[in-house]
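Here the structure comes first, spelled out in structure tokens, and everything after it is commentary.
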Amino acid sequence: MIRFLVNRLLGMAVVLLLVCLFTYVIFFVLSPDPAVQICGKNCTPEAIDRIRANLGLDEPFRTQFWTFLTGLFAGRAYGTGANAIECAAPCLGYSFQTSQPVTDMILQRLPVSATVAVGAAVLWLLAGVAAGLLSAVKEGRFADRFIAGLTLTGMSVPNYVLALSLQFLLVVTLGWLPFPQAVPFAEDPGQWFLNFLMPWTVLSIGAAAVYTRLTRANVIETLQENYVRTARAKGLSPGLVWRRHALRPALTPIVTIFGMDFAGLLGGALITETVFGLNGVGKLAADSITKNDQPVIMGVTLLAAFLVVVGNMVVDLLYTAIDPRVRVGSAT
Amino acid sequence: MTDQRPLLRVRDLTVGFTTAAGRVEVVKRLGFDLARGGALGIVGESGSGKSMTSLAIMGLLPKGAERTGSIELDGTELTTLRERQMQAVRGDRIAMVFQDPLSSLNPYYTVGTQIAEAYRAHRTGVTRRQARKVAIEAMERVHIKDAARRVDHYPHQFSGGMRQRVMIAMTLSMEPDLIIADEPTTALDVTVQAQILDLLAEIRRDTGAGLILITHDLAVVSEVADHIVVMREGDLVEQGTAEQVFSDPRADYTRMLLDAVPRIDDEIGLLRTTATEEPR
Amino acid sequence: MTAPLLRATGLVKEFTVRGTGLLGRAARFRAVDDVSLDVHAGETLALVGESGSGKSTTARLIARLIDTTSGTIEFAGRDVHALTGKDLHAYRGDVQVVFQDPYSSLNPKHTVERIVTAPLVYQKRPIPGGARAFTRELMERVGLDPDHSGRFPAQFSGGQAQRIGIARALAVSPKLIIADEAVSALDVSVQAQVINLLRRLQDEEGFSYLFIAHDLAVVRQIAHRVAVMNAGRIVESGDRDQVFGDPQDPYTRRLLAAVPRIRPEWDAARRRNERARRTVEEAAR
């Protein structure tokens, strides 16, 4: 078990290192010279050289990358002597636009994004699994067909269309919901909930539809398993057969997919946050892309990669806990 | 014998499905008796309806199957029981061993949990420790060594033969009157098969339970059963004592089957075959 | 004694069982461990054993479906591993395999005609007499209705589908047919028919069988010589009657003792009863 854990952690480190390397190459080597961008229009070659020296861009690539990496873990200093600016770990550099530390910019916006993402994930997991179970129980009947229609709609409507139409309907026309603002939970839980309700719904609807179908298919398939027949042959009640022998095998694959989807939420958050004007990491990324603010884009990319890798790791560990075939190797 | 009533009395058992192409009967007016403590072999090739017969007795037929006729267990008519009442019969009075032990065991639970499950379902107020004890005892009765440790292992940690022992241990916790074994050794190697057949015989001797063995293998059924039912495409072809069916078969089909079985200790020559195959 | 058609010497096949993760240590598992065997022209060598004995892996090594770890295979005096290009093509024609599950080894979307002529098409050989006539003739030889040459595998029963597999093997006039559990999945009455067919075809064509099976009673009906495998090794081999009648290896003895059997006295009584019945029937005529 410990060996398995060490293995996974090492693998994770390697993947993250590679991600760092690739993003660094893409944003600092293959992109237009950052020094020129920072310097602006009225620029002298001396000024550019000074900026390059400050950013360490005059160093060979290997040194640059190494400084960047150590910056991530131990912090780094830009410039030398009295002009040096200390950037604490995890240092992702400074925004070209606002000169703020990228780490701070992300951390400021993370709570909003996390609220949107976690809320949406909880919502789609609950709604998807519940609808899927209902669909499986009522296989072929009206409820099943009705849910099938809903999932089809949910999967085919694009996020932004849904976001805009919900906003128009519920906020502008009916006035049932406030225009979403990031109200802190501690301030007013009720308002907090109402404010985030729309972003959650929008972000979760597509995934909820997929989870509904997945749950339904898994449950129906599991009910065909021989061990379900064995359970019935033992005289267990239908409820017990369901709870013990059908549900756990049927829901296990969902855990796997959930972990990965959750990590990949950032992309969905991007659109949702933009549409509802919520100041989260997604919006930060969108803004920096339009302004070509490379350190920020890179910081967000690294965060996303980190989340995906960690998400996968968590899924692996969960899977190990759930499925004995993974946990204990076969013996005898 | 003070009680002359058979343990199981099946009459006019018919299992049918209504499909788009019309009604298909997979078991047709089947009738047989199983004496208390007796061993009945139901033998047939694929499509004979032998497995459907076992599921019909258990009340575990697939969706859409229609069952008519009478199945009496110890004088109790099973076909008119409500699902709730039938649950009380399953696992308690009739227990079943299936063909493929790996897929018939739930990979997510320890064998101990699964063995004790029937016991916990049929008795009230069973503690965890009692259930565990019952499971260990059942495992010891099917000769699984080191049962106290193995009880916490998962199905995939056992070999094929050991898994089938676990399946048999599952039937034992409630001391059933009748054990139905549907092709219990088909997925197993021949040396393991011999051990499992010995085990079934031993359990029958020790508990006095009746046995219905469902198999395609005539040699296996000849070693285990005292009564034989031969089925073909849902029909009962012939039945009688094992000696009668094997030494003086009445039906042409039985004769053909017996001629077609390759022997390990008899003459070698052209295997006699009279059956013609129909296209699907 | 003439040189054997097939001679395998010191065959070894190791599989790597990979550990999980980056540091997982790879373990090696020996599925076939120093196996040597000869198959002579026109004879049937049966390779018997339980699951995991290595019998099917051995068959695959000989068919060159997988690579050997070490050891040599000679076919008609030539080193099979050295064969390339045209010679390898010819070897693939000379050695045909019939598998256990006829449905999964026949393309469900191809007609019998296309399946049966495929080996010739792959080998770019002409089809003698045209595809239709060729297929009809082969189907007749394996006991299928030649009018069904345009049907698909799913339209046939298990035994018939296995006959299609046999017809496909016959199409290229092989010298050796490897039958890998070829009758194991069949019902007993159908199994008997296919065994009879395999024997008849050998009498007519004179090719050899490497007959892989776990069922000793079946093996006894078809084999001239028998090799018993256990845990990757051949523990005993010899003429059929010697192996079945006077087994030397303890494992062979255990295997034979475990085979379920119908009581000989019942069989004897049945034969007596049958003779009596026939006498009565004839007298009545």
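Going in written order, the chains are labelled A, B and C, and every chain counts its residues from 1.
One rule holds for everything that comes next: a residue touches a chain if its C-beta (ideal position, glycine included) is under 8 Å from a C-beta of that chain, and two chains touch if they have at least 3 such contacts.
In this text, all values refer to a predicted model and were calculated from it rather than measured experimentally.
**Student:** Under the document's definition of touching, what chains do chain A and chain C have as common neighbours?
**Tutor:** Touches both chain A and chain C: B.
**Student:** Please tell me whether B-C or A-B has the greater number of C-beta pairs in contact.
**Tutor:** B-C
**Student:** Using CA atom averages as chain centres, what separation in Å is found between chain A and chain C?
**Tutor:** From the centre of chain A to the centre of chain C is 55 Å.
**Student:** Any idea how many Å lie between the Cα centroids of chain B and chain C?
**Tutor:** Computed value for the inter-centroid distance: 32 Å.
**Student:** As a quick test, compute the distance in whole Å between the mean CA positions of chain A and chain B.
**Tutor:** Result: the chain centres lie 52 Å from each other.
**Student:** Considering only the defined contacts, which chain B positions touch chain C in the complex?
**Tutor:** Interface residues on the chain B side: 45-46, 160, 189-191, 193-194, 197, 216-220, 222-223, 243, 246-249, 255-266, 268, 270-273, 275, 277-280.
**Student:** Give the list of chain C residues in touch with chain B in this complex.
**Tutor:** By the definition above, chain C touches chain B via 50-51, 148, 151, 154-160, 187-193, 195-196, 199, 214-218, 220-221, 244, 254-267, 269-270, 273-274.
**Student:** Spell out the residues on chain B that touch chain A in their complex, using ranges where they run on.
**Tutor:** Going by the criterion above, the answer is residues 58, 60, 83, 87-92, 95-96, 98, 100, 103-110, 114, 117-118, 121-122, 153-154, 156-159, 162, 167, 170.
**Student:** List the residues on chain A that touch chain B in their complex, please.
**Tutor:** Going through chain A, the ones touching chain B are 225-227, 229-238, 240, 244-245, 248-249, 252, 322-325, 328, 330-332.
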